[in-house]
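Going by the order they are written in, the chains are A, B and C; count residues from 1 in each one.
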Amino acid sequence: MTRTRRSLRRGIAWTAPLATAAVIGVAVAVPMAASAGTPGLAGTTPEALLAALRTTDVTHLSGQVEETARLGLPSLPGQDDTASLNWQTLVTGTHTGNLAVDGPQRQRLALLGTLAESDVVHNGSDVWTYASSTREVTHVVLPADRPDGAGTTPDPGDPMNATPLGAAQHLLAAITPTTGVSMAENTRVAGQDAYALVLTPEDAGSTIGRVVIAVDATRHVPLRVQVFGAGAPADPVFETGFTSISYDRPSAATFDFSVPAGATVTTRDRSTGAAKQPNGHTGTPAPTVLGSGWTSVVEFTPGPGALAALGPATGAQSGRSSTELLDRLLTVQPNGDRLLATALVNVLLTSDGRVFAGAVQPSVLQQASATR
Amino acid sequence: MTSAAPATAAVPLGSPAGAAPGWSAVRTTGLTRRFGTHVAVDGVALEVPRGAVYGFLGPNGSGKTTTIRMLLGLIAADDGEIELLGRPMPERLADVLPRVGALIEGPAFHPHLSGASNLRRLDVSDATADPATSRARIGQALTRVGLTAAAGKRYRSYSLGMKQRLGLAAALLQPRDLLVLDEPTNGLDPQGTREVRHLIRDLAADGTTVLVSSHLLAEVEQVATHVGIMSAGRLLRQGPLTEVLADGVAVLRVTTPDLDAAGDVLGRLGLASVRTDAEQSCVQARLGNVLTEDVAAELHTAGVRLRGLTVERPDLETLFVSLTGEGFDVVE
Amino acid sequence: MSSSEPVAAAAAPPWRTAPHLPGAFRRLYAGEMRLVLGRRRNQALLGVLAVVPLVIGVAVRLSTPRNGDGPQFLSQIAGNGLFLVFTALTVALPFFLPLVVGVVAGDSIAGEAGTGTLRYLLAVPVTRGRLLAVKALGVASCTALAVLVVALVGLLAGAVLFGLHDVTLLSGDTVSLADGLLRTVGVVVFVVVALFGLAAGGLFVSTLTENAIAAMATTIGIAVFSALLDAVPELRPIAGALLTHHWLGFGELLRTAPDGGALLRWSLLHLAYVAVFLSLAWARLQTKDVTS
């Protein structure tokens, strides 16, 4: 076949879209390639890094955080980004939030949805939460002497746990003498060169295989936390990391919150109470932590309707549907207890209404419930 | 076609062919277009001299429309060159086409717009058209095709003939050097057909070259100065109408009482198919290349008494049919 | 002075190229807009778009919705008419706006090919590049007009029915009405640019066929198909690159501190779609045999 002039012209014309696509491809790929790769950093030891991580002098930062949970839970109602976002939705899928921190007394975390946002603003003794889709505000007043919430019981429902800062803090607290500490290949997170610190529980009772914490090489801030299951799956079962970060001090206005017009406000004054309980359901006793390290278990007795809160909630009717789903996920144990098993966290609901939860094997939960 | 015109010659456009022999209104060489394996146009070399009314003839599917679309840059050619008004196409399309009016495979307009609005749309689309005189141009074009009264009516409500006239009006929006009219009398009544014929004559008289394609041969014969005949993608014959017709098989008929003598003379002159018809007392034969006056002189010399001597040249239709391969024998 | 050069060179015809007159493209564009906006079908579609905010506004006026009911922002309309703009855009984005964009873009070239007017436009001549440019500009104008109709009718109806007040953002912070209106302008611009991607897709589809209805349906189908893909969990990794994924990203402008980088990235994605589709349309139109 000889090429005619027409087919030649045709070929030339069609190179235009190819060239356009190529230019766009390059424009996308070049920054991606630039941000990938393993930076050459001065050598360090895991112990030194661990120490630096604990003593970082960074008190303020802001950035965007992406959190992904692959707990093996089915997609639940309310996963639609346009629906309301509740903290409970963090247990499935990927979520994005904006984090601003200025010292222990001022934090703001905004969980971003499409056309929706849920904010928690901590400023001094005030903790505000706001959900744009329901326009509900909760106002918690903290004890005046402990505005940073220090010394209170760790709250598994605290959304700060879903940020690299909160997650790293919890995981570092779990380190025991038997925990293996090592280094992995250097990496880049949110445009920052980072060391990768690996924690290996080496505890048969834990569901965690290993934890990889990416640590900013110069400022020693945890930029990303990846939790791999005990079965050593390729993808982390839980992952949270900055996608962008700035070490500038956030403007003071970031932490101002005034109740918007038309919002419904629930106030809980804990200024005189003993325990902070941001997710507090009325009449619910504070959770108790049993044990320590990787196999610590949280025990609590949920109030009426609180089971629904374990599943993601989407406005008024979601309580029912998530309870139904929960029922399907629960497996009944020989002794009548019910077990909610996920890739990371297991939850045991005893027949007498107590709940035991932890990143531990079900047997540890059984044991805990039996000894109590 | 090798004589060159002086580069500075101010030849008025549309002057008869020959004044500036270097360029023609339309000239193609080796124009070829295939659709898949089907060769729609096969090495066509059109030559439309300036000022000519060129009848472009051929049955449906012969490649006329594809050729015309290639001339106007609507379809790309696989091979060959095109020159319109002396400029290469489609390279110089933007320069050439403002001087070319076209009616391509029937009129096509927006049905929801009036005739005048449709013309206005085309007029504003012409980057070389002065907006100040747009209204006047549209009015003139409508007047020229006799549509002034229906200018404000929606195109949707036009009759077939009115639509055809509006198509012609669009082709006449600007003074054109070349008009390409594809089946311009389609859908017109005899009166309309006559008007189009007059229009073409008027335009030609003004110096506009007209390329008119048609399958109505008799109609073309009345206005064309040149013809080209297409069949199965090939241009079988083209040239001035008289020459093309002369190429045809003319039949000489001698009416005489001296049948045998006449037959001898014709045979001696080399005319073919000599046949004697005693009943009609005439002899007829194919004239071929022999000149009629030579035959007359020879007959006279041979003492053949003539009652009548006629030469029947075939009309365009006869020629067309003989060329396009449908069996036809002039000598019955 | 006579020359002995070959015919083609020596016989340069003694006519001069007629110059393009100033404002020619503007006249071509005006003609295009007259054609598109003069079409009853398109007028009716714009009317449908105008009805969207009116219906929502009247419905809210008649029955105050509770928080969390219906589309986003619905419960806020009664307190601030400006939210009618956002609600109407949210409601119109999945279907009504793609419908209008699909009809106008799908019809742009396929419609002319279908009626046969394409060959007469090209014979005027309107060169193919110029034709694509004016069609693209026309489609873009109609896209912007469609969004503006929703936004302006929403704003007017909202102002009349509920009044305009300071604006509570998604983050719970409240900004002045002036700030809110400025953000609204940003929302309209973002949505218009987002829809340009689909409009350019429609323009490309329109060069592929002579059947205007098919081109319209295909264009609307592109938007629907993209939204469907967006809902498939397995495709999450590539969802961010889908044509429709960031259409509701205008919500970013309603946060206390809009992420300018994200807005820019999403808009660049939409413009990348425009570039690809326009270059495809150009290549197709340049090589297209106009046989209709």
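Structure notes:
Please note the rule applied: a residue touches a chain if its C-beta (ideal position, glycine included) is under 8 Å from a C-beta of that chain, and two chains touch if they have at least 3 such contacts.
None of the values given here were measured: they were computed from a predicted structure.
Chain C has the C-alpha centroid lying closest to the overall centroid of all protein C-alpha atoms shown. By number of C-beta pairs in contact, A-C leads when A-C and A-B are compared.
Inter-chain centre distance (subunit B to subunit C, centres taken as mean C-alpha positions): 48 Å. Once the centre of each chain is set as its mean CA position, subunit A and subunit C turn out to be 38 Å apart. Per-chain Cα centroids separate subunit A from subunit B by 82 Å.
Taken residue by residue, subunit A touches two or more other chains at 9-10, whereas all remaining positions touch fewer. Residue numbers of subunit B whose C-beta contacts span two or more other chains: 76. Shared interface positions of subunit C, defined as residues touching 2 or more other chains, are 287.
Note for the complex: subunit B touches subunit A at residues 33-34, 76-79.
Interface of subunit C with subunit A (complex): residues 67-68, 72-73, 75-76, 79, 86, 90, 165-166, 168, 170-174, 233, 236, 248-249, 251, 254-257, 259, 261, 272, 275-276, 279-280, 282-283, 286-287. In the complex of the two chains, the subunit B residues touching subunit C come out as 1-2, 4-11, 13, 20-23, 69, 72-76, 83, 85-87, 93-95, 97-100, 102, 104-106, 108-113, 120-122, 124-131, 170, 177.
By the touch rule above, subunit A contacts subunit B in their complex via residues 4-7, 9-10. Per the touch definition, subunit C reaches subunit B in the complex via residues 1-5, 7-8, 10-15, 17-21, 23-25, 27-28, 30-31, 34-35, 38-40, 115-117, 119-127, 130, 287, 289-291.
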